[in-house]
Amino acid sequence: MAIVEVTIAPFGTGSTSLSRYVAGCHRVLEQEKNLKYMLTPMGTVIEGDLDLVLKTVRKMHEVPFDEGAKRVSTLIRIDDRRDKKGTMEGKIESVQSKLK
Amino acid sequence: MAIVEVTIAPFGTGSTSLSRYVAGCHRVLEQEKNLKYMLTPMGTVIEGDLDLVLKTVRKMHEVPFDEGAKRVSTLIRIDDRRDKKGTMEGKIESVQSKLK
Amino acid sequence: MAIVEVTIAPFGTGSTSLSRYVAGCHRVLEQEKNLKYMLTPMGTVIEGDLDLVLKTVRKMHEVPFDEGAKRVSTLIRIDDRRDKKGTMEGKIESVQSKLK
Amino acid sequence: MAIVEVTIAPFGTGSTSLSRYVAGCHRVLEQEKNLKYMLTPMGTVIEGDLDLVLKTVRKMHEVPFDEGAKRVSTLIRIDDRRDKKGTMEGKIESVQSKLK
């Protein structure tokens, strides 16, 4: 189980708005029943088996091309912890408990 | 107004747990009344005047050193949009409206 | 053909030095005859077929675990351009020609 | 002394080519006599006093706006090591010595 942040954006589309590409990527994610994910203002955080996550991110990377983009920039950040089960919720709770 | 994601982590601390450093960075953020921020599983997203955000991130970067770290890796991603007011909430809503 | 930057680093190893993990990752890269790559001070830039690059990066991500790490952070940045053949050399030359 | 990678790119310009913006950012860097820097296929790596680097990156971030862009994405990665003097050359040599 890994936690992975992904941000996918096309260059040269002529519009500063990128949300329709993000929405298209989320439609790919919706089809993966074994992944949890969370939309943030700067990307999407996905939790699940690392190989499944990466396979899904690879599909998401094609979305802007399918919609006409000619250049796509994709940022993937993997946090892979194997000494304990890392979850999206657990990471946030761990920080919040220390702030109390 | 810009939206900025920041992830700050020390190397070589001998522990795989990093949440106490994240909590320390949030204590710095709590003191800035003119910034909005959101904790995500992979970092912190901050909204506000870009110069104030960067000044604050610079302070946050010192937190792990203050707690004994000798090497710190900080990732900063700036999304700066000047054709309309970008907000953390607005970005998420824009995607969600296209998913309906 | 895509150009991909990758930075792989373990947390909690007790040492601030990370070069031996980078060297281990490069030994994986050396075995891929169809990829070009370049070491930079902040990561490794790889050029080649995107699926082959990602498959290789997936192997590189295991290197710190094989050497005893319990938590690994991997950053992958993909620049995928399909209107022309993007190469590492071509990108640098394009900037340099504009600086003359 | 820190080592910092920066990648600055505009969205919505209508062109997939970004090298003229990179060149503009390098003209800002050329004016800073106390910074070393290196162009890579995926960004620019800068070595120097962290506050001076960040002040310079802040100026570089304005370059695409000055040239008409309405949305700019800037990625900054800081590697700040205080147990020994980190240099761009030293980091590369450290890996290469382990590969021999």
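A, B, C and D are the chain letters, set down in written order, and residue numbers restart from 1 in every chain.
Please note the rule applied: a residue touches a chain if its C-beta (ideal position, glycine included) is under 8 Å from a C-beta of that chain, and two chains touch if they have at least 3 such contacts.
Small disclaimer: the values here were computed from a predicted structure and weren't measured.
Between the chain pairs C-D and B-D, more C-beta pairs are in contact across C-D. Looking for a copy of the A-B interface in C-D, B-C or A-C, one arrives at C-D, which has over half of the same contact pairs by residue number. Taking each chain's centre as the mean of its C-alpha atoms, chain A lies 25 Å from chain D.
Chain C and chain D have CA centres that are 17 Å apart.
The geometric centre of chain B is 20 Å away from that of chain D, both derived from CA atoms. Looking at chain B, one finds that residues 16-17, 70-71, 73, 75, 77, 79, 81, 83 touch two or more other chains. Against chain D, in their complex, chain B makes its touches with residues 50-51, 54, 58, 61, 65, 70-83. Those residues of chain D that touch chain A in the complex are listed here as 9, 11-18, 70-71, 73, 75.
The part of chain B that touches chain A in the complex is made up of residues 3, 5, 7, 16-17, 19-20, 22-23, 26-27, 38-43, 45, 47, 75, 77, 79, 81, 83, 88-89, 91-92, 94-96, 98-99.
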